[in-house]
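In what follows, a structure is listed as structure tokens, so that the remarks can point back to it.
For reference, chains read A, B, C and D in written order, and residue numbers begin at 1 within each chain.
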Amino acid sequence: RDDLAAYCLMLADDALVASQRLSEWSTNAPELEEEVALANIALDLLGQARVLLSRAGHLGAAERFRTTTMAPALSDEDVLAYFRDDRFFRSVTLAEMDLGDFARTMAWIVVYSSWRLALMTGLRGLSDPVLAAVAAKAVPELAYQREYAAGWVVRLGDGTEYSHERMQAGFDAVWPFTEELFLAHPVETRLVEAGVAVDPTSLRASLDADLAQLLPVATLSRPERPAVGLVGGRGGRDGVHTEALGRMLAIMQSLARAHPDATW
Amino acid sequence: MDHDDQLLADFDATVAAEGRIEPRDWMPEGYRKTLIRQIAQHAHSEIIGMQPEGNWILRAPSLRRKAILLAKVQDEAGHGLYLYSATETLGVDRTELTEKLIDSRQKYSSIFNYPTLTFADIGVIGWLVDGAAICNQVPLCRSSYGPYARAMVRICKEESFHQRQGFELLMTLMAGTDAQREMVQDAVNRWWWPSLMMFGPADGDSPNTQQSMAWRIKRHTNDELRQRYVDMSMPQAEALGVTFPDPELRWNAERGSYDYGEIDWDEFTAVVKGAGPCNAQRLAHRRAAHENGQWVRDAASAYAAKQATREEVAA
Amino acid sequence: RDDLAAYCLMLADDALVASQRLSEWSTNAPELEEEVALANIALDLLGQARVLLSRAGHLGAAERFRTTTMAPALSDEDVLAYFRDDRFFRSVTLAEMDLGDFARTMAWIVVYSSWRLALMTGLRGLSDPVLAAVAAKAVPELAYQREYAAGWVVRLGDGTEYSHERMQAGFDAVWPFTEELFLAHPVETRLVEAGVAVDPTSLRASLDADLAQLLPVATLSRPERPAVGLVGGRGGRDGVHTEALGRMLAIMQSLARAHPDATW
Amino acid sequence: MDHDDQLLADFDATVAAEGRIEPRDWMPEGYRKTLIRQIAQHAHSEIIGMQPEGNWILRAPSLRRKAILLAKVQDEAGHGLYLYSATETLGVDRTELTEKLIDSRQKYSSIFNYPTLTFADIGVIGWLVDGAAICNQVPLCRSSYGPYARAMVRICKEESFHQRQGFELLMTLMAGTDAQREMVQDAVNRWWWPSLMMFGPADGDSPNTQQSMAWRIKRHTNDELRQRYVDMSMPQAEALGVTFPDPELRWNAERGSYDYGEIDWDEFTAVVKGAGPCNAQRLAHRRAAHENGQWVRDAASAYAAKQATREEVAA
């Protein structure tokens, strides 16, 4: 039960943090169509996060973060989203990286959605009915995200000389965060044995295949950058994040925390 | 009666009979220009209007409210898209209009030159600002220009939805903590007068109204719409438990309407002329987004051109 | 007493908010010398803010912001800096504006320090001994700030064509926020009559004179931009700020508010 | 004995007698290069080291701590300045070294490739990281190269001050709430091993040590310094009430020193080679600051050139 709650948090936080990052594009996108598309992706991920956080809450994950000064009516999803410090977020560090420019964002969406699509596709067939249902809904959403961003990767990679450089730089910047996607946390390892979770080490082939198809069409090369290292063997899944997450949460949680006794 | 006169007579007859003018139809140049100006201003308002609300997306205090706000701001981008498309049927494209916006050659609704200072502002924008917009826009669903009228039908439906969401947020806050209730009243105090200004100058100072009404681009005077808005808002304020910051606001049984105080037209004029609290900020933000996106749009054009060449070669 | 507390908060918040903005330059300046200089200015202003916040606290300004969940040992200056929402900050909106690039920052420092120098110079001779002491210490600090930034205004204004444009754009961006500096708040008006405060309307001449001397040397012209408007007649001194302040405080106050029961 | 041999003999004699080599003195090319590399690496470490601490300036939880942190990061910029000046006496300028840094052709201390995750990290950096730096640097105050030795005297004085401030912050947190105490232990757990790595590879894997010691650029081996650091830190940890994450750490009465566990040299190597948690981030940040400042430096040069011309004309 604790393992399953932790696994729900991992999947939820991956989506919540990525959604928050994408929301930063609001009113800043290069075209109105991109405003709409990026908000769509942020909304889909937020939707995934909410169901998964509630599930984690049902499994007891929110209790340790509730305090006596908090409104009792505060939902589990909000307790978990707003009253956990970054050290308790279990998302991969890819999710929290600074998106930088539009090219980097597109590289990031391609990598993120390709990976999560493979994960959700696997989850759809496993034994937990709630996770399977979340996954069934998420699969077409993620397939859309991947297609959308891949379209821009091709246009920017094979557009102007300048956009080509930025698109390559975008993949170069994202690349160091991919290694962590394929590391199995002990929680995952136990749940894989129980037939409830997808083995992250099995997901690499699918991202490799997607990029092997996409990058040549976009006239880009596969990045060669060293992976971001862990801190004493611990990474995002253990709550050891990059500095970016703490700064992001400072903003995200500010208002909710200013009024712990309130619901909205 | 020569050919041009005949065209004008046909146009006038269609309009008078509440018929629709379509892009392929002949229309007077003044009608076209007035429409372009009005639709562009409306489109710009949707786009600039994303900013005050966007200010709270990253800080929305619950995930449900974050989703609602994100979707609302997204809808506004969508409204901008429909409206710019409507102007395209009149022969001007989005790029040209965007440049006019960021060079201050075209306007947007002055209301968006006020800042959103608390999350209650999000509710009040939904309730009052969208409410005022709906009062202005519902009659436009019967605009004589077909593409505009059709865009407005869709937009009004979504705006009503946004207004209900805003009101629901305020109801929640009013049922919440003292701090939340204070936030709501404070937001209402700041937005009430600017929302009244959304209907434009008093009828006596609005010289274009008559022509626009004759063309069925506009259907009511500014003051008529403003009165309708005040009458509609008062019972809602009572239901919420907030007051409007106007000591002269009271029921006039004789008129069957609410009387209200004098609008600060100096403030209105200042904001329209660019000296509002956020004019410079809003335009600078929009300009930066546009300029920062230039290389992306250039790349898309370059790619499209390459693809066209490749297809030609392949053919 | 309430008026004096409010006046101390005005002067404190002007410095605190400006100091926080300047701190954003840390690790981002164009040269190491600028790292040192900008940190220096931020530190001077932070020092001014701390004394003034403590004074406001002695006069009772912190009490309404203390709550039962807060550590009783929390100092007045920290209660006032960390547990007030932006609606209770009494700083001018100039202080909170996004600094943007280096040129805009230099224009901002020139305007800010020229104005505050005139204010502090006046305050030095008035009857309140604490304010006079703060002012006596602040005057040489502000004079240094003004000189430092003026040096860069000249170098950038009369440097390359590109830097000239940016320097002019910097003044253009700052200009709309200057009008508010010379508005007298009712609190100030009452204290001016009591001989405790400086009349803000009297400070315009000094800024005008400074700019009339500086701008021609820097080959720049005096900006002509409309003033930022008030909201229903209220501005920063009434707690009606720009959207920038709320975002700034979300970051600044995040950690302190996460641990109201702690002292540091 | 020819002239060059004579110069070398004089140099060796000066160094052996604990004399100082000054910029005007002859020195072997290897000595110069080793010094440049070492001082540059030290300067880069000061500059990159500003980032992990800078991460908390805007969020420092009290104004007093904000002032202390701001001043500390400022001091580090100052240290960078002295050290780059010392390299200038050896014939290389700051611009060149900055470019080598951002192109990864020169290194900086690997410790700064770890993230600061809580405010307790600020205290632990002061206590452990500055503590280790001081162990490394105090002997350098007697470096054979005069400008470097003099810079180190000043730097060490300030570093000791920073270390005391860090320790004082941790004492305060340990006397605070449970959450604060947990924060401290968590930060110690993350920084302890990386701080041991600050002394570089084990003596057997440090081939340049002997030459550097002969030149009096270095005065103790890595392992000697590391042991001194462990011995110094243990009683401090006890005073604070924290533990180090090393089950093998225990007093060895025979040696009169603490034994400690094996360092994860794979992690060390990975971080040195660019695969630490923050290598890419730190360099990208420094590169962005440098590139964003280019137009400012260009303007300053252009202005200086104009002024020089004007003075010439006036003369």
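Remarks
The rule we apply is simple: a contact is a pair of C-beta atoms (placed from the backbone, for glycine too) under 8 Å apart; a residue touches a chain by one contact, two chains touch by 3 or more.
Keep in mind it's a predicted model, so treat the numbers as computed, not measured.
Common partners of chain A and chain B, by the touch rule above, are C.
Touch-path distance (fewest steps) from chain B to chain D is 2.
In this structure, the chain pairs B-C and C-D differ in their number of contacting C-beta pairs, and the larger number is found at C-D. Chain centres here are Cα means. That of chain A falls 36 Å from that of chain D. Centres computed as Cα averages put chain A at a distance of 39 Å from chain C.
For chain D, the set of residues that touch two or more other chains comprises 59.
Residues of chain A in contact with at least two other chains: 247, 250-251, 254-255.
If you draw each protein chain as a dot and join the dots that touch, the picture is not a line, a loop, a star, or fully joined; it has some other shape.
Pairwise chain contacts present here: A-B, A-C, A-D, B-C, C-D [touch as defined].
By the touch criterion stated above, chain C contacts chain D in their complex at residues 16, 20, 23-24, 26-36, 39-40, 42-43, 46-47, 49-50, 53, 75, 77-78, 81-82, 101-103, 154-156, 158-160, 162-163, 166, 251-252, 254-256, 259, 261-264. Those residues of chain D that touch chain A in the complex are listed here as 52, 55, 59, 113-118, 186, 189-190, 193, 245, 264, 267, 270-271, 273-281, 284. Residues 86-87, 173, 176, 225-232, 240-243, 246-247, 250 of chain C touch chain B in their complex. Chain B makes touch with chain A in their complex at residues 47, 50-51, 54, 57-67, 70-71, 73-74, 77-78, 80-81, 84, 94, 119, 169, 172-173, 176-177, 179-180, 285-286, 288-289, 292-300, 302-303, 306. Residue ranges of chain A in contact with chain C, taken from their complex: 69, 85, 247, 249-251, 253-255, 257-258.
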